[in-house]
Amino acid sequence: MAEQMTAAVLHKVDDVRIEQVPVPEVKSDLDVKIRIKAVGVCGSDIHFYREGRIGDFVVKEPIILGHESSGEVLEVGNAVTHIKPGDNVVIEPGYPDRTCQFCKTGKYNLCATVPFMATPPTDGAFCQYVVWPGDFVYKVPDNVSFEEASLVEPLAVGLQATKRAHIHPGMRVAIVGAGPIGLTTLLAAMAHGATTTFISDIYPMRLGLAAKLGATHTINAKDTDQVQAVLDVTHGEGCDVVLETAGTPETVRKSMAMVKRGGVVTLVGMSAEVEFSVPMMDIIMREYDVRGVFRYANCHPVAVALLASGRIDVKPLITHEFPLAQAKEALDFSDTRKDVAVKVIVKP
Amino acid sequence: MAEQMTAAVLHKVDDVRIEQVPVPEVKSDLDVKIRIKAVGVCGSDIHFYREGRIGDFVVKEPIILGHESSGEVLEVGNAVTHIKPGDNVVIEPGYPDRTCQFCKTGKYNLCATVPFMATPPTDGAFCQYVVWPGDFVYKVPDNVSFEEASLVEPLAVGLQATKRAHIHPGMRVAIVGAGPIGLTTLLAAMAHGATTTFISDIYPMRLGLAAKLGATHTINAKDTDQVQAVLDVTHGEGCDVVLETAGTPETVRKSMAMVKRGGVVTLVGMSAEVEFSVPMMDIIMREYDVRGVFRYANCHPVAVALLASGRIDVKPLITHEFPLAQAKEALDFSDTRKDVAVKVIVKP
Amino acid sequence: MAEQMTAAVLHKVDDVRIEQVPVPEVKSDLDVKIRIKAVGVCGSDIHFYREGRIGDFVVKEPIILGHESSGEVLEVGNAVTHIKPGDNVVIEPGYPDRTCQFCKTGKYNLCATVPFMATPPTDGAFCQYVVWPGDFVYKVPDNVSFEEASLVEPLAVGLQATKRAHIHPGMRVAIVGAGPIGLTTLLAAMAHGATTTFISDIYPMRLGLAAKLGATHTINAKDTDQVQAVLDVTHGEGCDVVLETAGTPETVRKSMAMVKRGGVVTLVGMSAEVEFSVPMMDIIMREYDVRGVFRYANCHPVAVALLASGRIDVKPLITHEFPLAQAKEALDFSDTRKDVAVKVIVKP
Amino acid sequence: MAEQMTAAVLHKVDDVRIEQVPVPEVKSDLDVKIRIKAVGVCGSDIHFYREGRIGDFVVKEPIILGHESSGEVLEVGNAVTHIKPGDNVVIEPGYPDRTCQFCKTGKYNLCATVPFMATPPTDGAFCQYVVWPGDFVYKVPDNVSFEEASLVEPLAVGLQATKRAHIHPGMRVAIVGAGPIGLTTLLAAMAHGATTTFISDIYPMRLGLAAKLGATHTINAKDTDQVQAVLDVTHGEGCDVVLETAGTPETVRKSMAMVKRGGVVTLVGMSAEVEFSVPMMDIIMREYDVRGVFRYANCHPVAVALLASGRIDVKPLITHEFPLAQAKEALDFSDTRKDVAVKVIVKP
C-alpha cells in the first residue's frame, strides 16, 4: 500500500477536510520531491473554497488547495542537477509543455496546457509532500525563511506586472489596491527604481503596511478621490505606470484616469464582471497602453534573488500562520478578516 | 497691402468659400515657404465641415482646412539647410514645442502644445502658400509625384500604428476598416513584413483595392463574421496584431476577439462614443495589449523613404482630384461617395 | 538486422564516402521521421570536409554532413500533433534542452547543450532518412519546393541577424559580403522594410544576384572603397544597421566605419582570427552597438511564412544541384567555384 | 561697462587663473540665469588642464572649466515656466539643436551640434553666474543640497550606461572601475534592481566606499584576477551586464570575458588608445552586445528624482571641497590624490 500523508482536501463549497492521501512519487527524470514547509493562502484558494469555481475551472473532484509553497528537497530525478536533497526551494505552481510557440519564445505563461497547482484537476500544496518538475523548482538560500519563500509566488505576480509595464528608475507609479498582490507589486515597482509610489485601498491597516514598505503616498479610497490625489501630486500629469490589482470595473476606470500620456496601465486584478464600460477613446487621445498580466514567466528566479539579496523584505506581509490541520480556519480567516490579515500562511 | 492668395475657407457648418487671403511670410530662421501642389481630403476635414467641431476643437473663426499636403519650396529661413527653394516637399501638419519631456524623449506627438493644421485655430493647406517650420518639412525625390506625396501624411498614421504594434516579418495581422487609413495601415503592415493580412470593410470597392494592394484575406463585414473568418484561417489562434481603424464600439470589441494570446490591438479609429463596454478581463486572461495611436512621431521620413524606394505604392488609393476652386465639392464627394472614393485630392 | 539507407559519410579530411548505414527510428513521443528531399551545402560543411574541425568541434568519428534540409514526414511520435505523415517539412538542425534559463526566456540558441546536425557528434542530413524532435520540425505548404525549403535554414540565420539588429521600415542597411548568408540577410533586411540596401563582395556574379534580389546599391569591394561608397550615398551619416557576414578582421573594421551614430553593427560572419584590433573607442564616441549573432531562435517559422507568402523568393540563390551519390562533388564545387556557385543543393 | 564676476579661467596647460570676467545675460526667452553654488571636478576638466586637449577638442582661447554644476535661479526668460527665481537647480551641460533627427527621436546626445560646458569653445561653471537654456535646467527640491546636486551630472552618466544596458531587477552586474563614474554607475545599477554587484579597482579606499554604497562584491584588481572572481561567484556564467568605466584596453577585454551568454557590455570609460585588439569573435560565439555610452539623454530628471526620493545617496562620494579661488588646487588635488579623493567640489 502506498505511503500516506496528511492533506487539506476541498470536497465541495465550504467543505475542506483533513485527510490521509497517498504520498506522490518521483516518476520522471525531471521530477523533484519536496517536503512542504509553508504555503500562503491566495484569493483563488478562497474562490474555490467559497464558490467551487473560478470561471471555467470547476471543482468536480476533491482537490488539494494551496499554490504558494516552499519546502525542502527530499529526492530528485536523474536529470536534475541544479538542486539536491536538503536544499530549500520554492515551487512555481504551473509548468508548460516546453514545446509550443509560446514556450519557445519565452512566454510560457501563455502555453495552452499548463497544469497549475490547486486549479482543477491539479492538486496543490496544502499537504506534506509534492512532486514537481525540477525546472520549475528553484533553490532558495538559507537566509530566506520558508515563510518568506512562500511569498515568492505572489511577488512573481508583482514582478510580471512591473516587467510588462517597463518600469524604470525615476518613474511615478500608482498601485490600485493594497492586498497581498498590490503590496508585492509595490515592492516590485520599487525594485525597478520607481521613486514616487501611490497606493490606494480602503483598509487602513493595509495602507499603513504599504507606507512601512516604502510607498511615498498612501490613499484611503473610502474618503479620498484617488484620481484627484494622484493628479494633484503629479501636477495634472498622472503616473508613468498604473498597476491595477483591485479588480473592479470602477478601479479599472480610475486606473485609466491616473495614467500619464504615453504611459502604461497594467491589469492584474480579475473582476467578477468580465465586460464593462471604460473610456476606450481616451487610450487613443492620450496614446497609452493597457496591458494584461497573466500569471508570470521567468519571475520566480528574480523574486528569489530580490529576497536573498535583502533588496525586498516580504516579512511585514506575513500577518498570520496556521498549522495544516487548521487549513480551513486559515481560509476562513483570510477571507473574512481583511481588516487585519494580509498574507496568511499554512504550515504542514 | 499684403500679397493675396486663393484659399478655401470654412466659415461655419457646410459653408466653405473660395476667398482671397494674405500670403503668409517667412518670419523665423526655421521657416519654410511652400507653394502647395496637392492636398488630400481627410475625415477630420469633413467632420469640421459637417459638424463644426471635433471633440473640444470648435470652429469659431473662419479656418482653412486641409492638412495632407505637398508642394514646392519657395523660400527658406537662415537656419534651414536640409531643403532649398525648388525642392519638392511634404509638410508634417503639427509641430511641437521641442522643449518638453515628450519632445525630448522622442514622443513629440504627445507634446501639449502642438499647433496642428486645419484644427482651430491653425490654418491648413487648402490654399496656395503655406509657411511652416523647416524641421517638419521633408524633401521628396522627383520620382514621387505631388499627389502621391500628399498621401505621406495618412501613411504616417499607418506607420505610427504599426510601429506601436511592433510588427515583425512573418506576423499575421488584421486591419479592421479599409478606408484611407485602413489601407495605408495595410501598406505599413506589409512594409514591416506581415505575411498574412486580413482586412475588413463593408464597401466592396475598398476590399477590392485592398486585395490589389496585397491583402491576403479580404472580408466583407456586411455578410461575414470577421472574427470567425480570422479564427478559421489562424486555426483558432487569432492574429499577432490587430489594427482597429473603423472607430466603432463594435469593431473595437471584434478587434479584441481577433487577437492572439500575448498579441497587440492598436486603436487608431476614433469612435463618436468615447466610452463603451468591452471585455476588459479578456486582456488579462489572454495577456494582450491594447495600445492607442495618436497622430505620429518620426513617421514622415519613413513614409517618404517607402514611397521613394517603390516599396509602397499609394497611387491606387488616389481615386479623385478636384481643383482648389472646387474644394467644397471635394469635401462633399469624399463624404458622400465612400462607395467609389478612397482618397480625394485638392490641387491648388 | 536494421534497415539500411544511403548516406554521405565524412571519415576524415577530404574523405567523404557513400555508404550504407542503419535507418534511424522514432523512439520518443516527440520524434518525427523524415524522408530527406533536399539539403543545402553550407560553409561549415566545407570546413569540416577540408579541415576536419571548426574551433573546438573536431571530427573524430565518421559523421554525416549537411544541416540545411527539407523532406517529407513518414512517421510521427504520439505527442506530435502539428504535422502528420505526408506533410512536407523543414528541419531546424539544433534542439535545446528546453529546461534551462535560456530556453525558458526564448533564447534557446544559447542553451549549453544543443545537439546540432553535422557538428560532431551529431549526424546531419546527407542521407535518406532523419529522425528529429517534432518541435524543431516545421510544416511547409505545397507552394514551396523542397529545394526552396532547404534554404529556410540560411534564411533563418539572416532573420536572426536582422531581428537582433531591430531593422524597421525606412532604414538604410548595409550587408557586408554577398555569399549565401549575405544574400539571405539582404532578403531578411528587405522583409523588415529596409529601403536603402548596400551589399558588397568581390564576386561580380554574387553582386549581380544581389541586385536582382533588390539591393539598391551593390559595391565591388575589389575596386571600390565600400566605406566611402556608403558615406557618399548617406551624406556622411552611414547606415542605421550594418550586417557583417564576410567574417574577416578588415570587413569588421569597415562595418564599424559604415554605421551611423546610434546605429547597430551585427556580427554574423566567423573570422578565422578570433581576436584582432578594432576602433573600440568609436563605439563610445558614436554610441552604437556591436551585437553578435549565434545561429537562431524562433526564426524558422518566420522564414517558412516569408517563403510561403511569396514575400521572399530564394529560388535565384539555388545555382547547382547534385544527387546524394555526388555529395563529395557538391562539397568540392561549392568550395572552389564561388565565382559561379551560390547555394549548391544535394538531393537524396 | 558690463557687470563682472569671478571665474577660474584655463589659459593654457597648467595655467588656471582667478579672473574677473563679464557676467552673462539672459538673451532669449528660453534662457535662465543661475548663481552657481557647487561644481564637481571631472576627469575631463583635468585632461584639459593637464594636456590642453581631449581628442579633437583643443584649448585655443581661455576657457572656464567645470560642468557638473548646481545653483540658484536668479532670472528666467519669458518662455520659461517650469522654474522661477529662487529655485534650486542643476544644469545639464550640453544642449542640442532640438530639430535634427536625433533630437526628434529622443537621442539628443547624438545631435551633431551640442555646445557642451567646459569643452572649447563653450565656457563652464567654475564661476559665479551661468546663463543656460531653461529646457536643460532642472529644479531640485530643498532636501537635496547643492553639493549633492552637483553629482547629478556624473549620476546621469551612470544612468545612461544602465539604461543602455537594460538592467532589470535580479540581474548580476559588474562595474569595472570604482572612480566617480564607476561609483555612480554602481548606484544606478542598484536603482534598476541589480541584486549581485561586482566592482573592481586598484584603490582600496574606493572599494571600501563601493562596499559602503552597497556593492555585494568588491575586487582589488591589483592582486585578484577579476574575471575569475566574477566567474567563481556566478558558477562560470558571468554577469548579465558589465559596465566598463576604467577605460583601458585591458579592462575592456576583461569586461568582455566577464559577460554572460546573451548579455551586454557597455563601454563608458574612454581609453587613450582608441583602437586595440579584442576577442571580436567571442561576441558571435556567445551572442552578446557591446554598446557605447556617450554622455546622456533624459537622464538628469531621473537622477534628480533618485536623489530627491532618497533612493540614491551620493553624499559618501563627496570627499573634498575647495572655494572657487582655489579651483587650481581642486584640479591638482583631484588629479594627484586618487588614493583619497573621489569627488572634489568647487564652491563659488
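So that you can tell them apart, the chains are marked A, B, C and D in the order they are listed, and the count of residues begins at 1 in each.
Criterion: a contact is a pair of C-beta atoms (placed from the backbone, for glycine too) under 8 Å apart; a residue touches a chain by one contact, two chains touch by 3 or more.
In this text the structure is predicted, and so the values were computed from the model without any measurement.
In summary, the chains found to touch both chain C and chain D are A, B. Of the two interfaces, A-D and A-B, the higher number of touching C-beta pairs belongs to A-B. Chain centres here are Cα means. That of chain A falls 43 Å from that of chain B. Averaging C-alpha coordinates per chain places the centre of chain A 40 Å away from that of chain D. Counting partners per residue, chain A has 107, 301 as the residues that reach two or more other chains.
Those residues of chain C whose C-beta lies close enough to touch chain B in the complex are 159, 162-163, 168-170, 188, 191-193, 195-196, 216, 301-303, 305-306, 308-309, 311.
Interface residues of chain B facing chain D in the complex, by the touch rule stated above, are 30, 98-101, 103-108, 134-135, 297-298, 301.
Those residues of chain A that touch chain B in the shared complex are 55, 102, 107, 109-110, 164, 249, 252, 261-262, 267-268, 270-271, 273-294.
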